[in-house]
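To keep things simple, chains are lettered A, B, C and D as they appear, and every chain counts its residues starting from 1.
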């Protein structure tokens, strides 16, 4: 079974109930591409909420020593696009990612939570809040379109 | 001379005239962090325009085989934040990155151009257009604040 | 006492405690300009939350019979800019208004609530949710800059 | 012939060629709702470009004497939603309006130009630039969805 097929089975399951620890591990093990390159780990996948985390390292920085804004955009995109696919049980593509940067981060864990603002037939709107030690560091509104 | 000092000298130079090929090479060689991890190369640095390019590989993908939206956000952030620092000749931080995804890309070169919409005393607004073979694939509006 | 002076006194009061009914009436009576033209009434003004309401009429419509998107943007702008001035106790100007339109409205009351995402020294970020009968119809993220 | 039917005929014509002066007059005469309330006049309607203008008066102001940000959002929404309908020759609804405010305006004419960034099957992206005496005062990115 290839990576995508494994993920699709888990996405179907997550439409019914939150994934279990070993299923999340399997999901992350098959989650290739930018999420893996950056070190994003999904920590909760359910029908109306997806969470992830990432440990900030110098590889994520701007030259002047704080996390590059693109990192927050990427965390949000990776988290909420999975959330949108789970909620729609259909392919979804991001069309706009608007991320506000609130507090600079140099190291440590960032935790992201994606929750729905709107679950429409053809478009979804997701709110993603990223926190460090409970404090909001960035916030994204992601619009996706459903390719039903 | 450390990485940041080398870049700061080049940023001062770029405030006066576009960087030359060997200066761009030096800039890219010192450009650590997310830009380096993703493979972004600055190709033009001048007072009112900064350009970059990146070759899309599977490491930049979503699980379903096209570039992750966070990649475009990261290219725009990396390109326009340099542009903002060069234009201000002062530290600048991104406060909002709003990126629209226009055409999916799986491989090949993406070229980015950052040009100013507004160069204010305390805030800048940059337009970043990303193209493949001349066709627009993503567009970012980046707001920065100047820490003068 | 002119309109602006009356409002400034009420804004100073609202920094200390929520305005009372008769103070809100005074505030609305002095609130000239676009808010008055559209029929926006402030219904709660306090240090970390401002609310307003408006009754949608055909004067607010697009030619095809639903409220023009600009109406929601205007409600949000009018509500959160007051909120930002009350929170800062200093002049504040909107720099970006990003509004998502979620459900079309043709008539009836829209209620808006502005709450802070970030209260910084030089910039604020406000979330404005607009509802009809409890259902979300539009949502704005408004960034302001403080002219301290 | 009612207002909407008159406008629909003109929209069909504008899909073929730019409207003539008397057609624009007819269009504006039938353009009820928020556009009329605010005083927005369409000055050019063609398949890939729509322009409008408005004279700023105290009725458009914030209490502190400059045009309310919601005014620019409304101009952009009114202009680019017509542009989207003409380009699609089908109903279109705005889903996101992101407007950056660049220079405060107290009086005089604002001219708006809407041009396409993306004309897709299901979604359009429009850029609207608003100028006074040639100087950029606000800029909107409007996303619409086509109800084909």
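Here is the rule we use: a residue touches a chain if its C-beta (ideal position, glycine included) is under 8 Å from a C-beta of that chain, and two chains touch if they have at least 3 such contacts.
It should be emphasised that the depicted structure is a prediction, and the values quoted were computed from it without experimental measurement.
Undergrad: Name whichever of A-C and C-D has more C-beta pairs touching across its two chains.
TA: If we tally the C-beta pairs in contact for C-D and A-C, the bigger total goes to C-D.
Undergrad: Compared with subunit D, which chain's mean CA position is the farthest off?
TA: Taking each chain's C-alpha mean as its centre, the farthest from subunit D is A.
Undergrad: Quick check: how many Å separate the C-alpha centres of subunit C and subunit D?
TA: 23
Undergrad: Quick check: how many Å separate the C-alpha centres of subunit A and subunit D?
TA: 35
Undergrad: Please work out the Cα centroid separation of subunit A and subunit C, and write it as a whole number of Å.
TA: Those two chain centres are 32 Å apart.
Undergrad: Among the residues of subunit D, pick out those that touch two or more other chains and give their numbers.
TA: 95-96, 98, 100, 143
Undergrad: Building nodes from the protein chains and edges from chain pairs that touch, which of line, ring, star, complete or other describes the result?
TA: Its topology is that of a complete graph.
Undergrad: Please output the residues of subunit D touching subunit A within their complex, sorted ascending.
TA: By the definition above, subunit D touches subunit A via 95-96, 98, 122-123, 143, 145.
Undergrad: Help me check something: in the complex, which residues belonging to subunit A touch subunit B?
TA: Going through subunit A, the ones touching subunit B are 3-4, 7, 30-38, 58-71, 73-78, 81, 91, 93-101, 104.
Undergrad: Can you list the subunit C residues touching subunit A in their complex?
TA: Contacts found on subunit C: 98, 100, 102, 117-118, 125, 136, 139, 141, 143.
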